[in-house]
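As written, the chains take the letters A, B, C and D, and residue 1 is the first residue of each chain.
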Amino acid sequence: MTDDAASADRRVRTSFAKQGLMRTLGARLAKVTPGQVEIVLVPNPEVSQQHGFVHAGAVSAIADSAAGYAALSMMPVDRGVLTTEFKINLLAPATGERIIARGKVVKAGRTLTLAQAEVFSENEGKERLIALLTATLMAIEGRDGIAD
Amino acid sequence: MTDDAASADRRVRTSFAKQGLMRTLGARLAKVTPGQVEIVLVPNPEVSQQHGFVHAGAVSAIADSAAGYAALSMMPVDRGVLTTEFKINLLAPATGERIIARGKVVKAGRTLTLAQAEVFSENEGKERLIALLTATLMAIEGRDGIAD
Amino acid sequence: MTDDAASADRRVRTSFAKQGLMRTLGARLAKVTPGQVEIVLVPNPEVSQQHGFVHAGAVSAIADSAAGYAALSMMPVDRGVLTTEFKINLLAPATGERIIARGKVVKAGRTLTLAQAEVFSENEGKERLIALLTATLMAIEGRDGIAD
Amino acid sequence: MTDDAASADRRVRTSFAKQGLMRTLGARLAKVTPGQVEIVLVPNPEVSQQHGFVHAGAVSAIADSAAGYAALSMMPVDRGVLTTEFKINLLAPATGERIIARGKVVKAGRTLTLAQAEVFSENEGKERLIALLTATLMAIEGRDGIAD
């Protein structure tokens, strides 16, 4: 791991550990490289909607975090990020052994960064695309105590 | 309460009670009328992001459920709904005493229904708009065991 | 008309006249009040898609302009706006005697403004909602020659 | 060119020629392969917004057509498509020698197809990503005279 990669990894892991929602959902930070982040959620009744699938809100939560952390991993150290908007297309019910959200930066800008997350359902070693999220993140510089 | 209102209320409450995620988040179904649904969430560390605000994923989850149940409340009884996509604009950090998501149907169609949810932060009796969600719901008729 | 209304009207009309695309589409600025703007397009073969309906791109163009000008009408005079993203739901084919896009500001912020536009199809004096657009506009202050 | 490719090419070209808006904008169908379509627009005052950039509505129009035709190129011959919603992020002003929209299918479904279009600005042989569109297309089977 290069210094940059190690530093991005540490930065994202420290911040992720502060996200109470990720712990509550049972989501796990699987991989971090600069510009790319993977979050994994194991389906269970505590994150379900009424038909037993993983709730769109839980899918969105890990996809938003994956996209947001991909953006954060490329930010100067004195800047945090806030999601200003996202759009998610839900392509198939979220079921299976694991739900995997992979976030990546599409374009990093001074004020706004565009990131995407693909969400896969994994079953018997095979992955299937179940959702696609596109998010705009705003860089926040030392405002209102907002950092990583 | 009219028969229609009572029936919509019962239908939505029964389904909401099956959403494990709503229970896990501590979200509560506050009001149901045909075409309109209100869900309330009290901010707490279990639904937070890294700065202590309510996570965009939790805001999205209650907004999506509010919009989806607004749609369900107007569906014929043999049909359920699934969210196929939503877009959310996050206008201000989700903080305060209560987060209130109010869903309503914009246009009900045979296959697709468009619904919106406004999300407010309530503090000392005053409400402030913090998010706006627009969702497309697909009507599902007795497919794959999907009902209310 | 108050001074504010007259000034917003003049400002938006002057800018609208510079939008070559609006002229090319045959779109007309119908009403301007601070925070609200109406643009009208008469369906014709020059703005059609393959089935003869008005093309989603033309519907989006007038809806985006209506939302953007609603935002501009509330900006301090030294600031312009640029659309950073929008989402449009197309609810019914765009046909009829007139297509009317009504933009309004949902929340005006220092950097970002959220606006919406409802698009109606008018026929024999009756209006029908055919599209809903939500747009984020960014305030631009004297940058790169961008003004109204 | 395989039979499938030739047939997709012919089908898309025939339909594109019926889109009055594309002709009005001066947009040109550059490439068609099954699941991928490229449309090119040369910036000019007739498609501009008030600062002289290509209007977001014109960018959206070619991106929506590129995404929609990517979807159509993979549809059974008795089915057409209609855009039900799209979201576009505008990353940089649309200027340059050519604006190129490249649409591709993300996931083709029985009722709904998800497609994306990346839009590039080309200058002195170099491309720069200026917009990203995500669209949902609905398959239409012999309804209301809607075909290709």
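Note that in this section a contact is a pair of C-beta atoms (placed from the backbone, for glycine too) under 8 Å apart; a residue touches a chain by one contact, two chains touch by 3 or more.
All figures in this text were calculated on a predicted structure; none of them were measured in a lab.
Both subunit A and subunit B derive from one sequence, and where they touch, over half of the residue numbers involved are common to the two copies.
Equivalent interface to B-D within the set A-B, A-C or A-D: A-C (over half of contact pairs identical by residue number). The interface with the greater count of contacting C-beta pairs, when C-D is set against B-C, is C-D. For the pair subunit B and subunit C, the distance between C-alpha centroids works out to 29 Å. Chain centres here are Cα averages; for subunit C and subunit D they lie 22 Å apart. The multi-chain contact residues of subunit B, meaning those touching 2 or more other chains, are 84-85, 87, 89, 136.
By the touch criterion stated above, subunit D contacts subunit C in their complex at residues 15-16, 18-25, 44-51, 55-58, 60-62, 64-65, 80, 82-90, 93, 144-148. Here subunit C touches subunit A in the complex through residues 84-85, 87, 111-112, 136, 138, going by the rule given at the top.
By the touch rule above, subunit C contacts subunit B in their complex via residues 87, 89, 91, 106-107, 109, 114, 129, 132, 134, 136.
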